[in-house]
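First subunit A sits with subunit B, and in the next complex the same chain sits with subunit C.
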Partner chain A sequence: MHTDYLLMLIIFLPLIGSIFVLTAKDNHADTFKNAEQVTLLTLLVNILLIITLFSAKPKAEIQADMLAQASWHFFSFIKFSFGADVLALIFVFAAQTALFVGVFGIRKEKQNQKNILFYSLIYLTFLNGYFFALDIMSFYICFVAPLFPLYMLIGYALPERQHKILMRLSFHHFLGAMLLLASCIFILSLKHDDILLSNIDKLHLSYRKSLLVWGGLFLALILRMPVWPFHHATTSVWSALKNPLVFLTLHILPISGIYGFMRCWPLNIPYEISVLTPVFQALCIVTMIFAAFGGYAYTNAGHKLSNYIFVYDLLYLLAVFLPTDVIKLNIAYSVFAFLLITSSLVILQAHMLRESARLNLPVKGILCQMPRASIAYNLFVLAALGLPVSAFFGNNFIIVSEIFNFQLYVGTIVVVCMTLAAISLLHSLYVLKDETCVFAPEMKIKDIDFLSFIVIMIVMFMLLMSLIKPLWFVL
Partner chain B sequence: MLENVLYTLPESSLLIGIFVLIWSIVFSKMHGRSAFQIAKIFILISALFSVLFYNKEILSQYFVATSYTTLTYVFTCAVSLIWLSVSSKWFLAEKTSLSEYFCILALSCLICLSLIVKSVHFGILFGLLIMLTVFQYLLFRFSRQSEELYHTARRYLLISLVFFALFFASVALLFPNHLDYASAGSFIAEVSPLQRMFILLGILCTLFFFLSLAPFHFWLSEASSTLILPVATYFALIPKMALFGLFFKLQNSVFSLFAEPLRDVYFVFGILSVSFAVIGANASRFLRKIFTSVSLYQAGVILLVLSTFKEGLISIAYIYTEVYLFVLLGVYICFYAFKINGEYPLNLNSLKGVASSRPYIGAAFMLMVATLMSLPPLSYFMMQFVMLSEIAKFELIVYIVLLGLLTLLPVYLKVIETVAFLKREHNFDRVDFGLYMYLLLHIAFLTVLLIKPQILLLQTDILLSIG
Partner chain C sequence: MLSETVFYLLIIAFFSLFRTKEKYDSFLSLFLSGFMILVFAFFMMDWHMLGTETIQTFVLDSSQSVNIKLDITSSKQNYIVIFPFFLNTILALLNNQIFKYEKHKKGMLSLFAFNLISFVMLISGNNFIQLMTFVFMVDILSQLLIFDVNASKRYSIYNLVADMGLFLVLAMLQSKLVNLDVGNISHYYETGRHRDFIMFVIMLSLAIKFGFFLFQGYWLDLKSAKFHALYFLPYLSTPMAALVLYTKLYPLLVVSPSFLPLLNTIVVLSALWGGVSAVLNPQIKEKFVYCNMFCIAFLVKLLEKLDFVWNLWFSNIVICFFVFNLCLYYLHYELDRGHGKNKPAILAVLVTFLLDLLSLTVAVSQLADFQNIWWISGFGFVFLFVLSHLFVFVWPKLQNRQEPNNDYRTICVMSIVSVLLIYISHSSLLACWQACFVFAFFVALCCVHPMKFLRIGNSFYLRLQNVDLFSLAYAKCIEAPLKHAGLLFNIVVDFIFLERTLWPFIATFNTFLIKTYRHISRLGILYYFLSTLTGILIFIFLFYM
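Then we have the complex of A and B:
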């Protein structure tokens, strides 16, 4: 099997799809239908290709665990290298599936759908490149390139009066990009060749350069995470976004930051940075506590979900900083389940909010009028709580155990925060299913459409199967 | 004899073009578009002859034609052709009868620029710069008459005179035997440090004034909004392309010998340019002023990079300049496409929601802005990356360049926000089909650079035999 071509196809297929989406006529009544179908088909084919690549045999001649690799020269001294191992594939698979589910959430949206689908596919192209990047140059390019489509996506989805927070968020992202660029320039000045991400820590850097390179890399990745003092912009945009697909694209960004740490951050943190580790951990913990309690400050289910996501992003961040790499795959499996759960919850919430706005009703008890959505929402909230219905439970258990293993106090606070976030989410379910709220029979509240329900149930099935074997779909 | 005549064809063809245009003014009533067509034909002929006689010249003690000067001139001609093409649309829309005068001035400026690029003699350079200033002043006055513009034009002329006095004083010290670039360098090295700095600063400051580098940039940034669009386009692109060519040539043959005293000079002017650019762009809501500031930032970056005096940087800086001016050309083509009730908008707020009304133009404009944002994998980023990689040892300069880019970012994002997300407030006029074609070609070329950036750097050392 020509896995190298397969790898390039997985990266560039969304780009090809985006061109088809762009060419859909604006004045046609079925424009969105066409654009949506192209997007769904592109994502579905990509998911199938990823599953095929999972089944490929590792190419021992490249790297022990590499399933495919492709590279080409850009300038005489710049070589782009992409490679797929299981870790990268899990993240890519999760991103495609989350956006596939997300597309079902905007089927009823009327504004800027074509633009949003177009930029989502562009975003996904670069994101795939980012997950597959092997060398520092490809990593940097695919780190920065998704920021423009993301800016466009959020800009289209946010109301005009809230564009200031978008500006602040973009500024954080681009500040990270500049810092990473400076680090890349310093790294590449040492050796005019492709430098693999796994080899950065083997470079001999002076104290000053080491500080600039590692500090830049750390800040670049951390600026994508909702950690104090950079958390406000991300969470503000999360709260303001009503479009589920755009919400999911932004939701993937901190996950990409976590992936970046998994790829670039060495096991033995450089001394220059390691002295700051306790400070950083304290920041993470304090932010996590605020995020966990933040869920109780709102009655809105969307806010509660945002705070839940916030807590889990920080959990993964703490996990990747543990001085061990045995849980890397556990983090990946957990992130995979986490993305699927949250994407399903996001589109279910978007449907409820849409119906509530259409009929001018409160969302309290609205799930009682939506049998299909109710079943799905129940199942996904249970999975999100960490009950043993998916791989999420098992892998989170291992991650938390490892945190306990290294830092008992940190582990305790993490468990408390996770519990608080879970209770907050459970409370949102209780409010949405409040049977005391009676809706008049003439109010015809629409349930989630059958196709979306089937897709969500397939996602649930995937999660259930992953409890037995994480990569159960691999032949 | 005949040979010598042939070698002057790049310039004499432009001169013939001027005579044809004068003839048409005096003896025949020509259609506005025809004047532009004549001017374009003669520019094309001039560029072709320039390529044909790429290493031939007359009066070799004053002018030397090399592959580098030819390349610079051909670039200038190519941009001039597009400039005149889009300007003709402006003149047609305005229904003004002054097209012939405008084309004569354009060809006159181009003759001066062609000779400036080829010049190897400070005396000749001085004369040519005076001629260029006069023609540029006439272009200034060509714009709509207003009190503000009148003062700006007068200020431009007065400040030019001050710099000419400075340049003259510097050149006078080289007189009579050391006026050519080669011997000037060795002569300047021998004089006292104070005299050396005086000569170098006299030449450099005059050049910086013409390149509108900070703090000598106000004449252009003030005038950018009041000038008519074709003249504003000229000042933003054409002289910069040729004068940067001259600056790199002087850097290679004269200034590179004085790395120590000039390092700080370049650094200070570079920092000032980046700072003024950042402040100017963030403080302004005038479209052309914003992009004039962006241009100032790029010029500042080039100076900062050259302040390292590292070998091999001139070629990269040269290509970087060409790329950014090429992207800026795309921005200005978009300006010709934005029209509200026959008026070309000056304020950024006028462009609200233009992407919803003119999606292709809006998308092209956003692409240009995204390119200027140095977003990978676009070609401009690649050039900036290559350039910064070369000076990675100078961490401070790398951080200053990136900080400048970061502080310009809110401006770029604001422009994109206005164009793409805000609600439309005006009805935009129908866009000329020709502008779509120019934009398409422009984007096609940017795409080629994106896919095959090697064509920019292919054997630059051989191609750019600057010395």
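Then we have the complex of A and C:
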């Protein structure tokens, strides 16, 4: 099988889809429908292509080998190298599926839907490139490039008076991009050639150079994560966003930071950086405690979900910094389940908020009037709590046990924070299902539409199957 | 073999999930219940014909870090432990068939079948992930069985905390042990430490799951749910899953010197609080909860005295306690809900009640030995006090009912239960001389009713109950501090430090730099020198960096 073409197709198919979305007529009544269908088709085809790529080699070999590799020469001196191993494919698969689910969340939105779909596909193209990047040049370009469509998306979705928080977010990202650029230029100046990400740790660097390269890389990636004191930039935008698809695109960004660490961060951290590890761990733990308690400071389900996401992002961040290689796949499986769970919860919450705003009702008890949404929300909350409904459960167990292996107290605090976040989410479920709130029968509260329900149930099925075998879909 | 039993139960559970027209619901559920009884018969045959131990393993995920597998171990011991849960499930199904409490009988049947499968997998499992998975499954199914949002709220939150406690402990073990097998637990202390911490977390989780003293609040919430959810939950859900875990994780408990004092304290407090509250509380549902709290405390202590070996007599005790629940439920049904016109039915319940007491006496007397006789006698006395009080509580209501009623369903269920009770303890029923003493003592207690003096302080107790100290403590000690801590973090760190201090500082500094740059880039010789000097300074700084 010519897997190289398949790889390039997976990267660029969203870009092709975006052109079709852009050419949809603006003055036509069916514009939104066309744009939505093109986006869904593009994402669905991409998901199928990823599954095909997964099946390119026998099951026994897919964990060890690169499944596909492709290089692309731009002029004579710039070469972009992309490769797909099982780790990258899981992240790409998770991102496509999350956005596929997210599109169902904006079906009822009429404002800027076409533009949001267009920029989402562009964003996904660069994100796919980022996940598949093998060399430092393509990694840097695909690290920076998704930010522009992302800002456009956030700009469309944010209320006008809150654009200041977008500036703050972009400042963080710009700073990160500059630091990574400095590191990359420095590495390239040392090597005089493009270098693979897996080979960065093989460079012999002096103390200062090492500090510059690894410090720059570290800060560039960490600025994408909601780690104290940079957390406020991301979480304030999360809280302000009402559009589920845009929320999901921003939610994938910290995940890409985690992936960056998995790809670039060496197993044996240079001494200059490793002395700072306890400080960094302390920062992560402090942020995690903030996030876990933050869920109790708000009453609405959206904030509680944001804080929950925040806690788990930090769990993965702590996990990627462990000096072990064996749990990388467990992190990937867990992230896969995490993205699917959160994307489904986000679109269900968006539907509830929309209905509540339409009828001017409180969200308390609204799930009692939505049987389909209630079933789906219940199941996804159970999965989000870490109960054995998805791959999230077993893999989180492995991740936490590995944290315990190195740091007992850190592990204990992590479990306590996970428990607090889970209780906060469970509490929000009970508020939404409060039977004491009676709505008048003439208020016709709409349940989620049948198609969205089916899609969400298919996602639930995927999660359930992933509990039994994470790569169950590999032929 | 157990794997076949699981397979048949899965078929029943999935068939019960299919939606059919309401008129076929009863018929299909009757058919599937019949099939389940047949599976039970096969289970009993397998048990008696079983030779050597066999293990069937299904590897789910094999990766560098872990092998996740499902084990189904068919051994005599596992059959003994599964037996009471299977029988209790059959009795609960029988109840579900004969009475129309549940609208969707098939749905209930499906939940019972899945619940039983979870218990079988929990008991026959040999690795941590399997243990945790099925403990969590039992919790999820319990919430579905409760089928009431308000009643299940605290139930799910408490159990989530307990589950996360177990998650923490098992993750700690996994970090130090080579593989995830339960048999490896005893090796933990060769490499791992923190034995007191581990014991404390496990005991806390188990105490929450058992609904012991201080954690009984979520069981009391169940009074707003249907009564039939209340009778089977104590012996078919989380407390029993916790009891199974208790037998599997005991090597981690006994190594801590604090284990026995902690266990004794919590068991005695739970038994006392349960016993006294069962006597004093005027509501039958709350009596029910407290009575079960007492019984479970007894089971936990008895298991410790038996060196954590779950034997057949212990299984019989579990069944007897379940039948007590069933009897109390029927008494409630016949008396308190306006149907109490059926005197023969109530008498049948009382006969079964006494027969159950006899079976319990037989089972307990078989387990009593020199080491545990004081504990058993103590618990036995308190239990008889509680029972006699319940009996006296019910009896006057029975006297007032005069109208005849030809509903034979209760008699039918009670007859079946009586036959089962005679079957499980027939071998030593007549030879048990202790039973005569127990009966004589019970009758004497019913006649004298020594606990009636407690009614003098009843008003105080009721006031105490109305205050709901546990909810108050939960709200004031856990919920409020969490909320305030969250708000405090938010205001102090996010708002005051970041929003009002750090970011304005960066913005001001940025403005200062821009203004300075603008100043030094103006036309003029002095500005030219200043800008050149700045550039040189930056260059020197970077050079030495």
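Here is the rule we use: the second predicted complex is superposed on the first by the 465 of 475 C-alpha atoms of A that agree within 3 Å, B and C clash if a C-alpha of one lies under 4 Å from a C-alpha of the other, contacts with A are read in each partner's own complex, and residues count from 1 in each chain.
We take it that a residue touches a chain if its C-beta (ideal position, glycine included) is under 8 Å from a C-beta of that chain, and two chains touch if they have at least 3 such contacts.
Worth saying up front: this structure is predicted, and the values here are computed from it rather than measured.
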* Structure fact -> The chain contacting more residues of subunit A, comparing subunit B with subunit C, is C
* Asked: First (subunit B), second (subunit C), both or neither: which does A:G394 touch?
  -> second
* Asked: In the superposed arrangement, does A:T412 touch subunit B (first), subunit C (second), both or neither?
  -> second
* For A:L188, select first, second, both or neither according to whether it touches subunit B, subunit C, the two together, or no partner. => first
* For A:G105, is the partner it touches subunit B (first), subunit C (second), both, or none of the two (neither)? -> neither
* Asked: Counting only touches as set out at the top, which of subunit B and subunit C does A:P254 meet: first, second, both, neither?
  -> neither
* Name the contact category of A:S170: first (subunit B only), second (subunit C only), both, or neither. => first
* Asked: Which of the two partners, first being subunit B and second being subunit C, lies in contact with A:I468: first, second, both, or neither?
  -> second
* To do: Give one of first, second, both or neither to describe whether A:G155 is in contact with subunit B, with subunit C, with both, or with none.
  => first
* Overlap of the subunit B and subunit C footprints on subunit A, listed as residue numbers -> 208
* subunit A to subunit C touching residues, read off their complex -> 63, 168, 208, 228-229, 232, 289-290, 293-298, 325-327, 329-330, 382, 385-388, 393-394, 397-398, 400-405, 408, 411-412, 415, 418-420, 422-423, 426-427, 430, 433-436, 468-470
* To do: Spell out the part of subunit B that touches subunit A in their complex, as residue ranges.
  => 359, 370, 373, 375-377, 382, 385-386, 388-389, 392-393, 395, 398-399, 402-403, 405-406, 409-410, 413-414, 416-417, 420-423, 453-454, 457
* Structure fact -> Listed in rising order, subunit A residues that touch subunit B in their complex are 26, 74-76, 140-141, 144-145, 147-148, 151-152, 155-156, 158, 160, 163, 166-167, 170-171, 174-175, 178, 181-182, 185-186, 188-189, 208, 212
* **List of subunit C residues in touch with subunit A within their complex** => 60-61, 63-66, 68, 129, 132-133, 136-137, 139-140, 149-150, 153, 156-157, 160-161, 163-164, 167-168, 170-176, 194, 482-483, 485-487, 489-490, 493-494, 497-499, 502-503, 545
